[in-house]
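Both complexes shown next keep chain A, but they swap its partner, so chain B is in the first and chain C is in the second.
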Partner chain A sequence: MTAVALEATTASDGNTAGRVGIRVGAAMLGAMLLAGLLVPLLSEYHPNELIAVPLQPPSLQFLFGTDQLGRDVFTRVFSAVYRDLGVAFLGVSIPLVTGTAVGVLLSVSTSRVLVAFVTSLIDAINALPLLVLAIALIALFGPGLQSIIIVLAMTNWARYARIARTRAMLVKQQAYIEAARLQGYPAWRILLRHFLPNVSSETIAYGLSDFILVIMLISGLSYLTLGAAPPTAEWGAMMSEGRPFVQDAWWMTIFPGLALCWAGISLSFITEGLSRRERGGP
Partner chain B sequence: MTTKPVTAPLVDVRDLKIGIARGGGDPLVVVDRANFQLHAGEMLGLIGESGSGKTMVCRALIGTLARRGAKVLDGAIRLGALDLVAADEAIWRQVRGRRLGYVPQSALAGLNPVMTIGDQLAEAIAQRPTPNRTNAAAVARELLEIVAIHRPETVLQQYPGQLSGGMRQRIMIACAIAPGPDVIVADEPTTGLDVTVQAGIMQLLRDIRARLGTAIILVSHDLALVDAYCDHVVVMHAGACVESASVSRIASPRHPYTAALNRSRIELAVPGSDLITIAGAPPAVGAWPPGCRFAERCEIVQSDCRRGDHPGLRGLNGHATACLHPDLMVAAE
Partner chain C sequence: MPGGRRMEAATTPDEASPRSGAPIRLFLHQAWRRLLRAAGVATWVMVIAFCLIRLAPGDPVLARLGPEADPVAIDKLRRDLRLDVDPFTQFAEYGWGLLHGSLGTSIETQRAVIDIILESLPVTLWIIAVTILLAIAMSVPIALYVAQTRRSAVPYLFRASTSVLLAIPAFFTALIGLIVFGLHYEIAPIIGYQPGFPANLRFLWLPALVICTHLVPVLSRVLHSSIVETMGEEFVETGIIRGIGRPRFYWLYLLKPSLAPTVVLLSYMVGVMIGSTVIIETIFSLPGIGRSLVGAVISRDYPLVQGCVLVFGLFVVGVGVVGDILANWLDPRVGLS
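After this line comes the complex of A and B, so read on.
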């Protein structure tokens, strides 16, 4: 959705390299999403069923081998696609929306006390490394993918709010906002159609690159057994489970790791392509 | 007093006095004695140098003084029967855009960069008293045709960043005329555009006046531009209107400031010689001397010029001047 909207703003005359990047990234991501849909449907194995001899190397029957409990790694890797990307999507979009709203409200707020309080809160949150903050908060809520989403919603909005506020202060003074006022448009319409889209273009751009970081955070926390609980198929959790066996059964760790890299690379192709086109555009 | 016109003026600015609030004391007066009338279908040029107060008058006309901490201290601005000085925000919402269009200086930044031209025009068209939503696309194409934009179908889909400065200013003008206002205030609409594009924009404003009957107030510092395209010229100096006449009459000015402006026109310069400038500098805002504020720089200054209030506009046959001794000037020429 976002990619389509941003693509439209630069229309036809963008930078060729950027366009190629976007296509490659979109193709990679599309292939992964398709596989995430089809593999669990068509596979003869259930991701959580113990169906074979444990720790079998990759073969034609088990393309990515089997894990320590005799589950098919291939089915598990792909049944985790929507879980990982879905959690990441929520983990990005919730802070994106709340952070943008907070930033915009800060930029138009006339209450000095409120502005001082919220900006200090934003600074305090941003001063702490996200991972450390996340681990501390998960200790409070208990491990689980839901906790990760809650933690991201509680902390990551501060980054978006700072970007949105800076941007909103700038947009507020733009001639097109003044021109819209002089056209006699009502205040709510100026806010929604002229102000917000110019602010959110900035936070959405950050959100796209944040997506990769959030996927890494989800897998990282799951690797530390703070995220998805067994037997849930999740890339970080699978790598964590594979760790004791990495010398004998490398496939348990490598394939979920490759899936994670694939997702990350496809997204960075898209974001890099978009930013190249932004810069290369008119 | 100027001769009473047959029809009531569309815009009537009388003895307008504008001040900027200062911490504590009295407001800093930046404009006083601004007087002019705009009639339906007329194109009026309001000219003056930086600090003459033309921009302040312009802001008073479009009701954006308050945001800059300024306000009307005295005088009246009427749009038809409507008193704009006393207008509250609810009245302004009905006036802005709908009855009083505005073409800003900064054409390059005046359009929303993330909305297509089509969407922005549609928004302006929706400001019409009786918007016809089903027909908005056709109206948008028609507007682009009026402002002489080729390939309207393509342009409607484009974003401002894909258009040239001249095209963007044409779109701004299309947005201003879209709601069907009686008056358009164009604040130096050709600033930042190159000369050939400037001519095109000015021609366009004139075409619009002819085609739609929209009255236009052109705010400019360029006497040549105003001369070439307007019907009536009002010259401002140090916060006051000093001369008001039709374009044909302003060629033989009755105020020394206008005469000096005329002489310093760049196209009259002799190649190789220095450009003619007006000696001295206009008096600083807040430090206006008594009497005529041009006296310090005037070639025909008399002793009574430096006494009393700044003279008001007086004159005959639609040619009004604030000069106390316009006859001396004719002799000096």
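After this line comes the complex of A and C, so read on.
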């Protein structure tokens, strides 16, 4: 039937399509990182300097126009690259490390009370939408990019811990763990050399797709004025500043938004390509 | 014709689940266990909501009133928030209040938190309901088409376009929607809300459509892959050979056996969605619970923040239970644990 035909045609191209996806995504991401490095260096304007007549439409002099204070949107969009991606990197890598560690330790822990306690805590954190929990915690820490990193470190680990634990439970039953134990290796060595590489491949894969979600979370919080505060050049904050002027000065919101989409799409091509190469088909 | 109906039923996929005797007891047993687990998670959500205020580094009262506040005002707020007694008494009072349907009093408006929530929750529920209906109406045809098409380019196009859509933040789509439909064509109101069906649909269709740009890709992908899996089953071939009528074939042979994973996912996605309604409600100025939460966070109205978080959490837990039980009913092969 159709299903059979479908599988037959896609399995063979899966690899090629995957590789194309990874290359396109990496090129897009590389271009953005390069522009984020070069534009602030080469631009004659400072991202926070008031240099021109406010609310000018895009022109050759100001490629993305100017904002309500007369700052160059082009310079601002690109000087935000490392800020947005950097905060997102921290927001992914810290929970990735702690979550993986917690998950692995849970799978080998012998204390049933501790396991039950931590597992239900993980369930509860995962039950709350990440954005809701993040917003509520920002009420405590106050708005700012730093608080976003703290909040993500406090909440996002639970998702990694769940994945790591499920994976580690499978790893635990593998023969190579048994073999390592019989050879008399100390526990830390088994954890670091045998558990960790096999578990972290799974959590890193999730981390890649989580990167997109975290970028959106950071810019979304900034859009709600709970993240980066003006005059910081950050995509979500810039869009939120442009919101009152959206009718006349669309360039203030559209260009930071497009930068956000560019980053998201490049990452999604990479993750999509990687997962397709692994499974060999869409 | 009861006899004829039974014969027919025996050859449809439904045959896998004769709902009588032991299976029902098993179903009830599993449902009960699922409920117990949900109750455990709900308790934890309650504890987290309770701890939110108390976790604050430094003093939440000072954070709200500022370092140079009047000591009398500080004392009063501390007493109003019940932060002057020990945590166990606080927790007991909080739990006792919950049992009586009380979530405390908002600092900002001096109104009961439960009233504010009951006022804004229906708006959010309407957004979610309209979004789900729209998403199902779009995902089912898309998934059926992609699963059955013979053009090999379609699955790739489907895959690529869904991943692009998923990578575009909803609040950007929302702003574009506002510019295009609200300001340029003026077919969507950009501000205000009018309760009551069907008047509210005028305000809800665009926000729902925006959330659908994230929901439809996920739903249609999962539905697509489970339809492809179903198409490999023998009963589908049997259905084709027996020449079952089209609508019947689509529903009983293709969709119903494929729906279970989608339903589980949908109930999970409702949880993710209720998170994105926070941003969407703010952009479209809809007076839902998400906007209440953002307002409460900005004004540091802790009891309201706590109440909103609790309601969000309980809602997600509840939807998860409903989704799992519904999926088990649709396809008993799906376990409830």
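In this section, the second predicted complex is superposed on the first by the 257 of 282 C-alpha atoms of A that agree within 3 Å, B and C clash if a C-alpha of one lies under 4 Å from a C-alpha of the other, contacts with A are read in each partner's own complex, and residues count from 1 in each chain.
Definition applied: a contact is a pair of C-beta atoms (placed from the backbone, for glycine too) under 8 Å apart; a residue touches a chain by one contact, two chains touch by 3 or more.
Given the structure is predicted, the values throughout are model-derived calculations rather than measurements.
Trainee: For A:Leu260, decide between first (touching chain B), second (touching chain C), both and neither.
Mentor: It touches chain C, and chain B stays clear.
Trainee: Looking at the overlay, does A:Tyr185 come into contact with chain B only (first), chain C only (second), both, or neither?
Mentor: The first partner, chain B, only.
Trainee: Touching A:Tyr176 in the superposition: chain B (first), chain C (second), both, neither?
Mentor: first
Trainee: With the two structures laid over each other on chain A, which partner does A:Leu121 touch: chain B (first), chain C (second), both, or neither?
Mentor: In the superposition, A:Leu121 contacts chain C only.
Trainee: When both complexes are superposed, which of chain B and chain C contacts more residues belonging to chain A?
Mentor: The partner making contact with more of chain A's residues is C.
Trainee: Which of the two partners, first being chain B and second being chain C, lies in contact with A:Pro197: first, second, both, or neither?
Mentor: first
Trainee: Taking the superposition as given, does A:Phe269 touch the first partner, chain B, the second, chain C, both, or neither?
Mentor: In the superposition, A:Phe269 contacts chain C only.
Trainee: Touch check for A:Pro57: first (chain B), second (chain C), both, or neither?
Mentor: After superposition on chain A, A:Pro57 lies in contact with neither partner.
Trainee: Let me check the overlay on chain A: which residues of chain A are in contact with chain B and also with chain C?
Mentor: 9, 282
Trainee: If you look only at chain C, which of its residues touch chain A in the complex?
Mentor: Touch residues, chain C against chain A: 40-41, 44-45, 47-48, 52-53, 55-57, 60, 63, 147-150, 152, 155-156, 158-160, 163-164, 166-172, 175-176, 178-179, 183, 228, 231-232, 236-237, 271-272, 274-276, 278-279, 282, 293-294, 296-298, 300, 302, 305-306, 308-309, 312-313, 316-317, 320.
Trainee: For chain A, which residues are in contact with chain B within the complex?
Mentor: Result: residues 9, 11, 13, 174-176, 178-186, 189, 193-194, 197-198, 201, 281-282 of chain A touch chain B.
Trainee: Over in the complex, which chain B residues touch chain A? Could you list them?
Mentor: 62, 64, 92-98, 102, 104, 106, 109-115, 123-124, 127, 157-159, 161-162, 172, 175-176, 179
Trainee: Enumerate the contact residues on chain A facing chain C in the complex.
Mentor: Within the complex, chain A touches chain C at residues 1-7, 9-10, 17, 120-121, 123-125, 127-133, 135-142, 212, 215-216, 219-220, 223-226, 236, 239, 243, 246-247, 250, 253-254, 257, 260-261, 264-265, 267-269, 272, 282.
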